[in-house]
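Sharing a structure below in structure tokens format, with a few things to ask.
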Amino acid sequence: MIVVILMMVGLYMVMSRFNLVKKLIGLTIFQTSLFLLYISLGRIDEGTAPIIDASKDYAYSNPLPHVLILTAIVVGVATTALGLALVLRINDAFGTIEEDEVLLEKRRDYSQHKGGEG
Amino acid sequence: MMSIDTALKLGILAPLITAILVPVLSVRANWRDAAGPIGAVITFIAALHVAGHVRDGGTAIWTLIEISPGLSLTFKVTPLGAMFGLVASGLWILAALYTTGYMRGNHEKHQTRFAACYAIAVHAAMAIAWSGNLLVLFIFYEILTFSTYPLVTHKESREAIKAGRIYMSILVGTSLMLLLPAIIWVWITAGTLDFTDGGILAGTLDPSYAPWLMVLFAYGVGKAALMPIHRWLPNAMVAPTPVSALLHAVAVVKAGVFTVLMVIVYIFGLDFLAATGASTWLVWVAAFTILASSIIAMTKDDIKARLAYSTISQLSYIVLGAALATAAAIEGAALHIVMHASAKITLFFCAGAIYVNAHLNKVSQIDGLGPRMPLVFIAYFLGALSIIGVPPLGGSWSKFLLMAGAVDAGLPIIVAVLAVSSLLNVYYLLEPVFRAFFRPTNTEIKVDRHLLTILPPVITAGISIALFFAVDLLTPLTSMMVMP
Amino acid sequence: MSIITYNLPALVVALPLLMAAVIALIPSRRVAWVLTLMTVISVTFAAYGNALMTIGASVSYELGGWPPPWGIEFITDGASRVMAIIIASLSLVSTLYAKPLIEKEIHLDDIPRTYAAWLLTIGGMMGLVMTADAFNLFVFLEISSLSAVTLVAMGAGVDRRALMAAFNYLIIGAIGATFYVIGVGFCYAVTGTLNMADLATRLPEATSAPVVVGLAFMATGMMVKAAAFPVHMWLPAAYSYAPSAVSSLLSAVATKAAIYVLARILFTVFGGLEDVTGLIMTWVLIPLSILAMFAGTILAIFEHDLKKMLAQSSIAQIGYITLALGIGTTATVTAGFIHMVNHAMIKGGLFMAVGALAVTLGRRANLASITGLGRAMPITTSALLVCGFSLIGLPLTAGFISKIYLISALLDEGQGVITALVLLSSALSVVYLWKMIEVMWMRPAPEGTKIQENPWMYGPVWVLAVANIIFGVYATPVVALARDAAMALMGGGA
């Protein structure tokens, strides 16, 4: 349930916010929901951490999803880092990180281009 | 004596080599302009050789490469192809000479590009004539379209570019949207695309689909200029006259009707058509096109526009003959390719000669010009008579056979259509002659004499007469088409 | 088998990834380019070698020696073979072409890192097509996407709009990838495996609801990456504002890799669930593909900027390929793969030619600025013409082969209406190409002398133009490879 809520919150944020940093936050929330989904898959009722102890007969959680999610988290971090780097460059180039204002600036570029060609 | 293989390769490659040599030789205008006629003569000799070989019952096949399994680039000369090859290469000799005179007389720009594209167009026409299957035919059909585009838009004026757009959109559009799927349809039903005596569709294609396939072919071949996809042809008349003469009276449009004929004879097969009646609708469309374009032609004052509509009408004679699908009609249609080519190129040569020498292009302007350009107008008169179908000119044979074919098919009304159309021809083709000889002269018009523009129409007019007497050289080929 | 030949499948992936790290540290742009080129050449040799060694077979490679389904498996079968060859060949040509353009369009200090990202993209895509592990695929997907985003952002040196394009590409791409992983999660939940072949055998036995949800998520995610309509919005901006060299690389191969994965999912992984995939293909993939064909073509007709025009045209071309997949017979899938190969050559060549025009002009190439260039830059523009003819499928070019195979496959299925739509859209594509041709050749050249053409730029363009002709005249190898690919995909599920 939490997974679905987080997923929707994240997606909504990506789509509805104009602020680029907020978009990235939304993306991160969206990805976090994915992590939770996987972790919940690995859970087994009454299970314990998957550290094999031959002397006792435990039920272990499935460790594979954890490993996968470690990878996914790395990917997520890389995505966020790249996104933030881009936001910085956008701020340098356009002087704003609000998407609608960037669009305005872009339109100005476009009309300059057209004007230049006569 | 060269072998048949050599002749076949030479006929296809000589125009291509000419096209390559033209830019190389362009440092000297004389060398460049000699390349065309010399290439044409070589091509014609090869075509003669091939035609003779085929007439004697020989085969000529050249497989270039297999594109992918089941699809190969193969040339194989059919009797009809042999005839079309003769026409295209033979008239190219005269057209090449004429082109030189016309382009120099008019001081046109980009003569090298013009000559190169011209030779490529002839190359494509030869390859179409001798194509061994529908794929090769389609490939060179497209090459023909694209190589003639720079010729149509040669003047690069706004009007020429607009005409070029119409030209391309109709020809490329129809071929890609209708002809190509038709070919693929044949491929997946019959499993082959080879031109085969008696057709390949009998027994493989569901007869109820046959009329639809025929629609795809008849309208896919935009170059046959059936109404209502004829508009590219009058538009193409913005091209310099040598283009109109060889390409839009002979090579391009004849490639169109040639395709229709090939499809009917060697893909559908006459028996299959007779059994399914797939081409009955085409008879009526062709008949309508004949009459409607004749009537439009009467209203045109521009000589070339008038000739263009006349061409549309005459092309439909050939389509009509093909669609009747009786032996006599097919023979008539095949002969008409030759007869109309020699006659119509004469008319265009004359129109061009009038333009170059007197700078006139309207019917209403040429009053009294006849006595001052007698050779040109006599040639014009003979060409017109041939198209009307008066003996002793070549056109009478084909018209006679077409009428006989219509009777065979049990459609006497078509005979009436042909007769009415001939009357209309008399009016709109002969009007310029009467004006030129029987109206008072406008002495202000200056008349030059560029020999290279006057001689070719005289020669082609002579050919039209010769064809009347020498038709027996061709009839073995036409009868092989219907009775293999 | 020697150790090298045995490890070829891993080499094609690992080599570019490793070399990327090295190249990022090299200060000299020359050395960086030479190293990149050498890497790509080796990868090409490896890809071809691997293909030759395994021809006609399906060879599995266990990464790290762990046997599947536990370890990660790389697979060389008909489909991944053809993809690896496309990616390697086009990367090689693009790398050759990249040098003068990257030096002109990208800030000097950034060049070595650009090459690093370049190699990461190539390595990521190679991994994408080689891997047989659903989760590993996600990792490669992200490696290639993130580095591609970086490359697109490098276009900011010329046009700052590249940054926004890259940002949107990043966000949309990340969402697509996440969708894909969610789908994988569902499948994993019911089957407990991530190996594709293993999934294919276990999925039909599993409970259906999560499987269907998983399929929907995976397919949606891949469609985003493949820029299938209507989730293609990132593509036109990203391709048109990216540096020219990058546009040519990405347009030639990036979406193809995603389409390949889509095909893998539909035909191999879920091959046993034909009723479900059939529904998706009939009611989602085919209608969307048809819309894409028309939307892309029509937008391209009204576009003035050449790179955007080509990008819109890519949307339409992707539509043809996904349509072929959607019909889902061996013949149409073969046609789809043929078109993937051919379109890579066509669009790669077109983007390269337009890039060469833009760099030579020193401004964006649009219908106004290329006026008369047909005479001023005859060598580049005639290559553009050849690739353009191939795009509209004229005979004797590769595009024609795609077209006849696609149409004959469609007609064979009795899909008359769809055939007519395909023909209509391809005829419309003549219109935008013609606009280009008219302004280039039918208008007088701009004042000034003849423009000097750089052989480093037009050379690679001509390589692709000639390839278009060769594979238009002699298509047998392409057809055979594509047929192998279709058999490998379709046969795997049955």
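In order of appearance the chains are A, B and C, and numbering begins at 1 in each one.
In the analysis below, a residue touches a chain if its C-beta (ideal position, glycine included) is under 8 Å from a C-beta of that chain, and two chains touch if they have at least 3 such contacts.
A quick note: this is a predicted structure, and the numbers were derived from the prediction, not measured.
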Chain centroid nearest the full-protein CA centroid: C
Chain whose Cα centroid lies at the greatest distance from that of subunit A: B
Separation of subunit A from subunit B, taking each centre as the mean of its C-alpha atoms, in whole Å: 67
Computed distance of Cα centres, subunit C from subunit B, in Å: 45
Distance between chain centroids, defined by C-alpha means - subunit A, subunit C (Å): 25
Subunit C residues within the subunit A interface of the complex: 135, 138-139, 142, 146, 149-150, 153, 156, 159-161, 163-164, 166-167, 170-171, 174-175, 177-178, 181-182, 185, 188-189, 194, 364, 366, 368-369
Partner subunit B, residues of subunit C touching it in the complex: 389, 392-396, 401, 403-404, 407-408, 411-412, 419-420, 423-424, 426-427, 430, 434, 438, 442, 472-476, 479
Residue numbers on subunit B that touch subunit C, as the complex places them: 65-69, 71, 73, 135, 138-139, 142-143, 146, 153, 156, 161, 164-165, 168-169, 172-173, 176-177, 180-181, 184-185, 187-188
Subunit C-facing residues of subunit A, complex: 11, 14, 20, 23-24, 27, 30-31, 34, 37-38, 41, 65, 68, 71-72, 75, 78-79, 82-83, 86-87, 89-90, 93-94, 99, 102, 106, 109, 113, 117-118
